[in-house]
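Chain naming follows the written order as A, B, C, D, E and F, and within any one chain the residues start at number 1.
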Amino acid sequence: MAPILLLLFLVSGATADSDPVQDFCVPDPGPNPVQLTHLSTYPCKNPSNASADDFVFSGIRFPGNFSNQTGFAGISVNPTQFPGLNTLGMSFARADFEQGGVNPPHYHPRATETALVLTGRVYSGFVDSAGRIYAKVLEKGEVMVFPRGLVHFQMNVGESRATIFGSFNSQNPGLVRIPGTVFGSGIKDAVLEKAFGLSPEELEKLEKRFRPS
Amino acid sequence: MAPILLLLFLVSGATADSDPVQDFCVPDPGPNPVQLTHLSTYPCKNPSNASADDFVFSGIRFPGNFSNQTGFAGISVNPTQFPGLNTLGMSFARADFEQGGVNPPHYHPRATETALVLTGRVYSGFVDSAGRIYAKVLEKGEVMVFPRGLVHFQMNVGESRATIFGSFNSQNPGLVRIPGTVFGSGIKDAVLEKAFGLSPEELEKLEKRFRPS
Amino acid sequence: MAPILLLLFLVSGATADSDPVQDFCVPDPGPNPVQLTHLSTYPCKNPSNASADDFVFSGIRFPGNFSNQTGFAGISVNPTQFPGLNTLGMSFARADFEQGGVNPPHYHPRATETALVLTGRVYSGFVDSAGRIYAKVLEKGEVMVFPRGLVHFQMNVGESRATIFGSFNSQNPGLVRIPGTVFGSGIKDAVLEKAFGLSPEELEKLEKRFRPS
Amino acid sequence: MAPILLLLFLVSGATADSDPVQDFCVPDPGPNPVQLTHLSTYPCKNPSNASADDFVFSGIRFPGNFSNQTGFAGISVNPTQFPGLNTLGMSFARADFEQGGVNPPHYHPRATETALVLTGRVYSGFVDSAGRIYAKVLEKGEVMVFPRGLVHFQMNVGESRATIFGSFNSQNPGLVRIPGTVFGSGIKDAVLEKAFGLSPEELEKLEKRFRPS
Amino acid sequence: MAPILLLLFLVSGATADSDPVQDFCVPDPGPNPVQLTHLSTYPCKNPSNASADDFVFSGIRFPGNFSNQTGFAGISVNPTQFPGLNTLGMSFARADFEQGGVNPPHYHPRATETALVLTGRVYSGFVDSAGRIYAKVLEKGEVMVFPRGLVHFQMNVGESRATIFGSFNSQNPGLVRIPGTVFGSGIKDAVLEKAFGLSPEELEKLEKRFRPS
Amino acid sequence: MAPILLLLFLVSGATADSDPVQDFCVPDPGPNPVQLTHLSTYPCKNPSNASADDFVFSGIRFPGNFSNQTGFAGISVNPTQFPGLNTLGMSFARADFEQGGVNPPHYHPRATETALVLTGRVYSGFVDSAGRIYAKVLEKGEVMVFPRGLVHFQMNVGESRATIFGSFNSQNPGLVRIPGTVFGSGIKDAVLEKAFGLSPEELEKLEKRFRPS
């Protein structure tokens, strides 16, 4: 019976962000939930069994784990963490920065982001598809918008920790981190040497840093 | 020339929230901006003339004006206030509550909302289209999601002011306040008396409160 | 086996109204259909087994049951009643009014409605998100459009029964009835008293009427 | 000034059917309206100047003009006839049939249709993209759904006039009539002879009937 | 167990072309794949088990089978043939023409097509919904666009074989061939005689050619 | 008059890729066209004035200009080059590679791409948002799909020139070239040094190469 159950639980869920055909659809893992690395796709819970707790998330009251290399801690929240978001076309994230901490250049292929500075002073910006940069230092209470699919980045330039709350107009915006994607994924060296004008030694140094261990 | 200019400046802008065909489109009022009560629709600014300031909003660092009746202050931010949001499918709001302050039942016809409690304790909930309620008290740092188009409400149940940051997956979610829409818009008395089971006197009291002065 | 089957039959179906990827998808309950309170989500029937009857609906030739309180009878038709509508982005409804009958203020969170008067004279209108009302008496053969998500209402002001045919641009537009949603769902009294300026006694009267029995 | 005005008035309007960013947008021709053969694209009327009449259509209370060849009379209503529909994602049509009258095979490239029989008995059907037909005789009060983009047709098989009300989930569904499109548009004879297996004489007879005079 | 498995494997898959909520979703038939005449709807393969081969298609390096009647060979590629396309909103086709070969009038209900001439000279065109034709002879390396849902056709007017590569903005654009749809699907003779002005004998000749054998 | 004309011509055009409300909309620059750096937004040409030439593009019969650094030549075709694509949700590109030529890592924020190898042997791949690479060598006639928004790249690994035809499901997919976006746009050095683990000298070498001259 095991293989049947496994397939069974992988099925359904939202396949698009726009124009749902019901009020909401809280995924229901049923009596035999499975562990999945991919976004799980359970059927909708019967609304009579849903409660307020299905629509409230408490997991970003505190920062995530800081990276030694960047001084950055990020928590992304999508239906895997907060099932109530399923089919609703939104998700969010918390980002914390040590002094000088950096959120490296990245982009979200499926969402615009609005980023509210909760505490601190944050140099923040994005680059459009013509290569123009739009960047400045944000103070507490300011909001910057990063258009869907464009590369953006942040750096704590204040004298204490900084915290940002990011909102997305997709239930699963995706996150493509440029450094690891380019230098840590295994693209042939010949491509990267020519694309970036790097010597084999220079490239190896970058690949070593971003290759998954 | 005046009537020509007026029409000219009303034209264009985004007409839908999904799948834009450019990175962004900051509306450009041109050399002769006009005052509009309706959402203005200017052409896109040439991106070469855009700057980081077009994508940063500083107007919600402080609360809006509190209502005496409800102890509530709300600031809605869409492209009229923050032109850089145009075509990007997102907007946001700040809500402040005095002790016991109430954000009356309302809904956003064009967006889901995620509401983050920045300070305070807030009783918060929504009602689905089958009439089921999902409500509970949120603490600082918790997030509740209100599905698109469903009636929701909030009340400060803590012992100090409370503040909420709401995000929307539409550049102009719309805001329909139930009390004023139903009792203050001029719907024929006979309709409302029969719909709510109210006497003419009871209805008149409600209409008096919500009729625009 | 029972719990497996139950989950099995809840899965799949349309999750959005726009741009289907097949001609149609008539849900197929299979050999062991289940009763569901929520919109059921069966797999698509093999088109070779579909017939004209799957795409024809005969259930609105006669009025539904009239409510004593409002003199109104409504029949909403979505894929639960008419499976052939699934994935096609449309649904419809029949509304009948006794003399003086009222369709109380309500809205459809996921659809625009066009309402055709089949017989009678009907006072009909909606309120926009700025609180402006658009209402007038419609004669037989006239059509009014209610924009997506806006509150609207109707009252038979003629001297005989009236009938309306409503069409929607969603397979499941949703129906939020204002009176029951606000006064019958269990929102805390303190919220409603402050929001509507009602005394506890006035509120209790309204809640009594709309509380589900 | 004339050419400038002409261009001016062609601009703006809705470009897509889904997810508008305002309650509605009644096109405003301004003080100098122009006659257009193409769907006109005016700016939105200031909502303060809109009234209930903008959202009510009275032009389908009576049949359109009957064709001698087919015994059919159709009235299509989109924002050109009923400006209030603009951006709302819906439109409608009235079709009348003399005894034996036929609505020839046609399709709507941008909308699903639900067709309600108001009077009469109508043989009605569609063909899916695999060539399967779904057709039957509808009685008064029955509704058939024609999925977006599929060829459909109707014939009055009753003993009196028949009338149908069609609704569409696009503000401008488009109407492609097969006979005129294929035989009356000027496609090279060699293409049509080979595609349909027709002799030059047989083709000429068909082209003569459908060629615009 | 057989009926359970069968249903199980029919479930899930993409239901719309726009705004996916994951990078991709390669359908996973699991250990017990079933043969389906309808577009199959399997769950997503775990991305860890996906490989480059899932995203590369090798089946259009050679022409398909030529029809004797039209001298035309077409290969349509959608997720049934190339599962990696699932949820990605695109598909494609190869068309080959003998000298004088014809791709009969047809349309794709769910996609715009861009057609690149790989070899040969091809008379190519479409008809809009007002009956206007847009047609000309294309040379190697030229691209013509056929707007979504409009009737189009092609004929090899060069002195050797011709080949075209068509791309679509839907994972399953659909293909409605006019001749077979109208004359080979079983629409009542009375409808077609009146619609096309054909005698019973003329109609029978056409139906004989296109009736499925 | 000049400033009026200038604004006039910037207005309207498509703002989204999905569900147009007319057959097509060829932008009409009118009698006084202006040169624009941004995607121009003219009103729709009257269809009576459109011709087959509006829907045929002849500009990719030959390669574009090769870059000395990468041995790559790309021609992107959107409505700016081929106005007939406007509102149709598709566009395309031609890419040519000298021996060893490289199309550096890049992505299209608004479209999936299908890439057909017209001549040559091309190492081709993409990286998903979890950092997994999907890459292999494609032969003539093979097609690879690059999901919307994911980083991809190509390299000619054959012994002669190679050519690729790419199709997109957006009229303006956007093109974000990783090297120039990250190292040539002016992101603060401190951000890039920390994000990539580069010394100031190493970073300066990269910036020098990609800084616009």
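Convention: a contact is a pair of C-beta atoms (placed from the backbone, for glycine too) under 8 Å apart; a residue touches a chain by one contact, two chains touch by 3 or more.
All values derive from a computational prediction rather than experimental measurement.
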{"item": "Contact-richer chain pair [D-F vs D-E]", "value": "D-E"}
{"item": "Most distant chain from chain E, judged by the mean position of its C-alpha atoms", "value": "B"}
{"item": "For chain A paired with chain F, centre-to-centre distance based on mean C-alpha positions, whole Å", "value": "25"}
{"item": "Chain B and chain E: spacing of chain centres that average the CA atoms, whole Å", "value": "45"}
{"item": "Computed distance of Cα centres, chain F from chain B, in Å", "value": "37"}
{"item": "Touching two or more other chains - residues of chain F", "value": "4, 8, 11-20, 23, 47-48, 109-110, 125, 129, 132, 135, 148, 150, 174"}
{"item": "Complex contacts: residues of chain A adjacent to chain B", "value": "17-18, 20, 23-24, 47-48, 50-58, 60-62, 77, 82, 84-85, 88-92, 112-114, 116, 118, 125-126, 128-130, 132, 134-136, 138-148, 150, 165, 167, 169"}
{"item": "Chain C residues within the chain E interface of the complex", "value": "4-5, 8-9, 11-16, 18-23, 25, 28, 30-31, 43-44, 46-48, 87"}
{"item": "Chain B residues touching chain C - in the complex, by the definition given at the top", "value": "69-71, 100, 102, 104-105, 107, 109-110, 123, 125, 127, 129, 131-133, 135, 148-151, 153, 155, 174-188, 190-192, 194-198, 202, 205-206, 209, 212"}
{"item": "In the complex, chain F residues that touch chain B", "value": "3-4, 7-8, 10-18, 36-39, 41, 109-110, 170-172, 174"}
